[in-house]
Each structure stands twice: as structure tokens, then as C-alpha cells.
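Pasting a structure here, questions to come.
Chain IDs A, B, C and D follow the sequence of writing; residue 1 opens each chain.
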């Protein structure tokens, strides 16, 4: 991926140091490698910006793995013969940034994206050493491609799920591309207009920088552990509840 | 609103200073004052926590005002006789935290909530002095009440809209209450179980503290203005675009 | 609106008689008359097909009326000075077909669309003379325009609400138009490509014919009143409940 | 499943004959057999009503099968070793009624439900002998269970997808059950209140009867093949487009 002149200039002149950061991109395409994934085309733009800034990145394509359905950390203990998710989860837990990329089918994120979210959810019982949910301190974003309609619909669900798990969502943490109403060329197809779309490129650039800025801020300071510790809430001595005035 | 013993303890023993912060709660109920708003009942819990921590707060109930429909900053310049939104917008721009509260009707946020988002969107052309969108540096949350179903559906749209405008979304920045499937008592109704719901109270508490923590972090540091400046992007010299490898 | 050659041919050679049918189009634009509404541009295509087939149609633009917020049939009895909704509701109850048209703002249907649905919901306590919900026997559709993204997101909520109230949803009962990702021309703008979009035109045509076919079928036969009568359910003698096997 | 007294009475006294009808229930649980599926608990209520009325029914649990990801009719021709979907699709095409049942995870339908919809979509290029989409003439419904929140959010997407493919959606074609806000017992758990929930039971009953009524109506008459034939639209002689007045 060759970035545009301005994206390159930003990388070259940046006074920021993001070398400590790690990012995982989950490409939730339905297509197995080596088939071309248009979503990966867009992911590579964000990845290229991060790499140029020293971020350690990896793109994972879940459809290439044998991942079990379910909401437990390791489904091989629940009757599934094989479950490739636990090592993926480990990489996600070691990373500061998670970007979920998904194609659109019938206006909706892919089933693989849903499966990935279910598996992330399966780890929501884990806490960090301060008693906060284990995803606290990480930042999340979303990239969407399709040839019809549904970028915002998909992104709102993905970003909601991530913040619900404990991710922080930076400003404008999503970007996407679709063509005009109706079937048509996909992102990487010749003459799709995708890679030349100003709006998509600007949003992808801003998302990527905001992910790096917030990830760095949270890597240094964390989410202060006060008022949001699950362990403290659960073990509190008196379990009364608030009294609204109107009752 | 009398908070529970643990919520009070957190307030009293807090080592954090949030006195510089301002918060606006938009109560998007369909009911005019002084009719009881169940959504306001839940809002008051979050407000009470913020107030105890020195945050300057205000609850605004848009339905009490004469707000015009539209997506321009001041609709009184667009053929509407009266438009009470501009002073509300001013308060929102002066605040560090915005929490949108909404009831659920037919599984959806209220029309007042949609109108408020449209009006916020009407200001999305404004930039701060660094050329970032004017909402950068603020944090957003969402509170939802209903007696049937739809908390997450409403929250995902509200939080998505806020981040799209430039708000940062802290971890777990939403909370809500609904009763069991089907019509039933509303939040403040006697025996609703609302104010005693552990899940709702924990989520509201965590949301509120996370909003204060992130708002303070961003008040001190802002979102670093690099890679995300609309003015710089628009005025760039060379307007070429990225080149994906697969093409 | 001059229909295309094939749309005209369908009208001229049709063996079906739809003269008994009435249709209401709710144009939920945020723009007051006489400002141009792009959504109305698309609505007029569906209307022109219906009119050519003898259907009695009317387009109502709620933003031109002073409609109160709320979920009661007549809000002027609930503290609002004026409420123009009841006569609109009367027209909707007299019609066999309801098509809700909406623009997209920030990926979502308009606040006027939400308000209209809340008002329709306010009448959901009404039953017909067989004890079915009053909307039974009517059919609903949805038209959406925007210049960015969100047709399916808006349509899924609108159609869901209509079926929940008792409307029947014919096959492919929605159509819409958006341009390529990002801001751009609106439907009726010169060179938007909107009125020339094959996908939008085909979907609008199919939606319109399916609405007429199903409306006629239901006008003749109704939804058989058995197993779905609210009054019968509520007044049943023995109020026990099912016993699942697994318990 | 032992139905309640009134549900049984309706079955016994029904003057309607539905013996020609076939129904498929897709139980999109993430749990493999023989693990208890709460969603199946609710599905069985609808199934019991249909069976008592002579409808030929079958519950299919996709998670028990090895179904490939993708949007082509048979993914075993696209690089997947095994694909159990084609015989399931055949049963769905032979049925008049399709009810998709899904659990809720993080407010969303299951990944299996998304996968099933993607596979149904993979057959949307097929037409019947009149040139209509092959799903025309069938009716669709949706059942949802969870212990938190999200029935309507899931149902609106499922029903939208079905109507988009060509299914007709009868009035009130969804039902569901959730407990009070927050984690709690699931539908079939002791003391969940699920099977005793009036609202859920009424909605499930009405949905089921409306599916049978509309399926019978469409089995007899079909969706009239005029104005909605894909083949006729595609092969039309003159491919001009409508002319809006405002341009």
C-alpha cells in the first residue's frame, strides 16, 4: 500500500513516538486466503500509517482459522474438537489497539464479525490487577466495506460492543466505503472509486491517528482505577440502593 | 437522589479533583415538565455522583423548549419563527461531558433524541482553533429507560453519533433499565425494581466515573492535534490518493 | 413525474383493478414546504405508479403541521396547545397502504419519522370490530433517500415498527437511494445519478406493485380473525401458561 | 410442550385447514445438541401450535451441521471441504413458512443467525417460473430469547432481511422473551418467568396464527406476478429512467 503524499508527509514529520504500541486488525471477511478481500484493502491503509509510525501491527483473518461458536474462553473444553480462538484472543489482549474490519452483506456486518464479538465477549469476565474489566486501557476502531449500503449500521454495532467490553472509542473511530445505491464494483475493483474516495481516505487517516493518540495516552496513564472496579463493587459491605426523589 | 452507601463512600474518599468539569444531561423524554420523567430518575443518579465530585452539572429537557427541526445551527434563519436550540448548543459546547438520556418507544430512542442529534450534527462544520472538529476533547455517554426492550439498540446509535461528531467514548459509557419482556411498571413506579437493580446501578456508576476520568484527562491534554486536522487535510498541496497493492 | 417507458407500459397493460385502494405517503423530511424535498422526489415515483392504477393517493408532509410529541392519540388533551396529528391519523386509518418516506441524517431516519411512528404507536390500543389490532389488513412500505449511507438501517426500523403495529409487509417493500460514500449530491440534484439508478427504480417499482397486490388481497379477505384477537386473548377464562418439556 | 388452555382451545375449535403447509424453524443457538437451547424452548411453543393445526414442521439447528461461510449457494465449489447448507436450503425452499429463532449476545442476534441469513442471501439470484424472486409466496417470522436486552433489535434485522429476499411479513410476526435488565435466568431456567410471561405467549400465539393465515392465503393465490418480475424488468426494451418534476 502506497499512501498518498499527505499521509506520507504526516508520517515523516510526526513528533509523536508510537513505537511501544501494538495493534491487531481483525479482517472479518467471509473469504479464505488467498482470495482477495476488499476489506483488507482498506485495512492496509490504516496499517500502513501505523507501521510508518512504528506501531507493531498484525492482520488476522479469522475465516482462515477453525474457530468454534460459543461464548466461553476456550470452546475445546465445551465439546468442540478444535478451537483456534484462544491464541487470537491472547494477541488481542497483548495489543493496545483493536480494529475490526468487516464487509457488508444485506446491510449487516459479517457473521465472522459477529462470531469474533461473541468470542471477545466470552472473556468479559476477566479483570485486570486493579479489578477493572480486562479490556480497560485499550482503544477500538472499525473499518467497513461494501458495494451497497450499511457502513454506519455495521460500525455502530461494532463500536458499541467494543466500548461495552471496556474499550475506549476515540473520536471518529470508524471509516468505510460503499459505492452508489445498488450492486456495483467492490473497493479494490478497477474503477470502483474506492481508493480515490476523499471521504473514506480522510476518515481512515483521522481514525488511525486518533487510535494511536488515545492508545498512547492510555498506555501511559491507564483508565484511573476508581469508581469503575468490578471487584470493589461486588465485594462492598452494604448492598443498599439509591433512593430517587420522586418515589 | 440519595445515593447508596458505596456510591457515597466513593465520593467521600475520592482522591480525584473534578471541580473544573462541566456536564450537560439532555433528557430526551417526550413529557413536558413538570410531568415525572422516568429517564430523569436515572439521570439524577449520574448527576448526583458528578455533583458530589464537584462537577458543574445541568439537566436540560428539550421538550420544554421550542426547538426547530433541521440541520442548520440556527433554524430561525431558515424560515422557522422560533428556535430555542442555539443557547442549548452553547451550553453543550461549554461542557466537557454530554450525557444523552432517552426513553424507549417501540424499541427506539425518542424523536426528541433524534432531533437533538440532528441539531448537534448541524454544528459539525465547526472546527476548534487547531482545525479539529469542535467536539474533540469532550466525552459522551448515554442513559436509557423503558419498560420493555431496547436499551442497547438506543445506546449504540446515540454513542455512535457522538463519536462520529468527535466525542470520545469512555469504557462502558452507557447504562439503562428495562423491566421484564412486555409492558409493565416504569423506572420510578412503585415496585418497578428499577432503582434496586444492581446491574443498572453498577453500570451507571462506572459510566459516570469513566466520563469524569476521561473528561479530566482530555481537559488537561486534549486530543493531540496531529493527523486529525480537517483544515490541514482540506488544504493539502497534493491531492493524490493511496495505491492498494492488489489493483 | 414522468415514469420510464417500462413503468408506463406496466400501468397501461395491467389487468388489475386497484381503484378501491387508498394510499398515504408520509414524507418525513425536515424541510418545510415549499422547500424541495429529495425524499419527495422518490415518493413521487411510487405515487405516479399508484395513481396510474387508480389508487387514491395523498402525500402528507408532517413538518408542515404542528404536531405534538407524545404517545397518546390526541396530545391537546395532555397539555399541548395544538396537535395536528389526529386528522392525519384519521387519513392513515382510512387508507389501505402507508408508505413512510424519510431522509437519512447521520445514518438514521429523521426525527420526524420517529415522531410519526410514536404517534402511530399511540393508537395501538385500538382494535377493529373483530378484536384485532386496528392496523390489521393494511400494508406498509418505506422509501429512503440520503447522500451518504443508511437506507437499510432506516428501512429495517420503519418496517419493523409497522409490522409490530399490525401492518403486513409485502415482499421487498422498501427502496432507497444514496450516492457514493461521503457527502455528495442529493437525489434530485443535477447529476446525482439518483433518478437514473436502475436498482432504486426497480426496487421502487416492485415495492409499489407489491403494496398494491397485497393491499387488494387483504382488502378482499382481511387477515382472518382467529388466533390473533386481542380481546379474545385478554378475556379467556383460564389463564394458565404453556409447559416446556425441559423444565 | 403442553400449550395453555386457550391455545389448545384455539387449535381444537379452529375452522381453518392448514394441512398443506410446511414450516421450517431455524434455531440459531450457539449450543450444539443435546445441550439445552432456551431459544428452542420458545420455538417449541410456536411449533406445537402449528403441529396441532396439521402443519408439517421441522426444527433445524444449524450449529449441529458443518456449514461453510460465504454467499454462494454451495461453498464446497468455492474451496470449502464440506458445506451442509444446500440440503437445508432445499428444505427451506420446500416450506411455506420460515421462522428464524435466535439468542441474544451483547444485544445482537447470534453469528449463526447472521450466517444463515448470508446463506439465504446466496440464493437470492434464483427466480421462480414467473420471473419473481424465488422466496416470493413464502412468509417469515422471528423468535428471540435472551436474559438481558435486544429482542426488537434482533427481530428488526431478521424480518428486514427476510422481506428483502422476498418473504412476506404478516402482522406482528415476531415474539421474544428477556428477563429484567442485567444478567439473570434464561428462558427455560427455573423461576425465569419466561414460559409464564403473558406478553411473550400472546405474541408467539398471534405470530404463529398470522404466519399460518398468510401462508395459506399466499399458497392459494401467490403474489400476483405483475410489476414485480425481475426477468421482465431486466429484459425490457427501452432502458430510460423516470423524470422528476423538480429537476
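A few points about this structure:
What we mean here is this: a contact is a pair of C-beta atoms (placed from the backbone, for glycine too) under 8 Å apart; a residue touches a chain by one contact, two chains touch by 3 or more.
As the structure is a prediction and not an experimental result, all values here were calculated from the model.
Comparing the CA-atom centres of all chains against that of chain B, the greatest distance is found for D. Annotation: A-B is the more contact-rich of the chain pairs A-B and B-D, by number of C-beta pairs in contact. Distance between chain B and chain D, defined via averaged C-alpha coordinates, is recorded as 36 Å.
Note: centroid distance chain A to chain B, computed from Cα atoms, is 22 Å. Residue positions of chain A with contacts to 2 or more other chains are 106-107, 152, 156-157, 160, 164, 197-198.
Taken in their complex, chain A has these residues touching chain C: 106-107, 148-153, 156, 176-183, 193, 197-200.
Residues 30-32, 35, 63, 69-71, 79-80, 105-112, 114-115, 117-118, 121, 157, 160-161, 164 of chain C touch chain B in their complex.
Residue ranges on chain B touching chain A, taken from their complex, read 1-7, 9-10, 14-16, 36, 41, 44-45, 48-49, 133, 135-136, 152, 155-157, 159-160, 163-164, 166-174, 188, 190, 195-198, 201-202, 205-206, 208-210, 212-214, 217, 221, 223-224, 226-228, 230, 233, 236-247.
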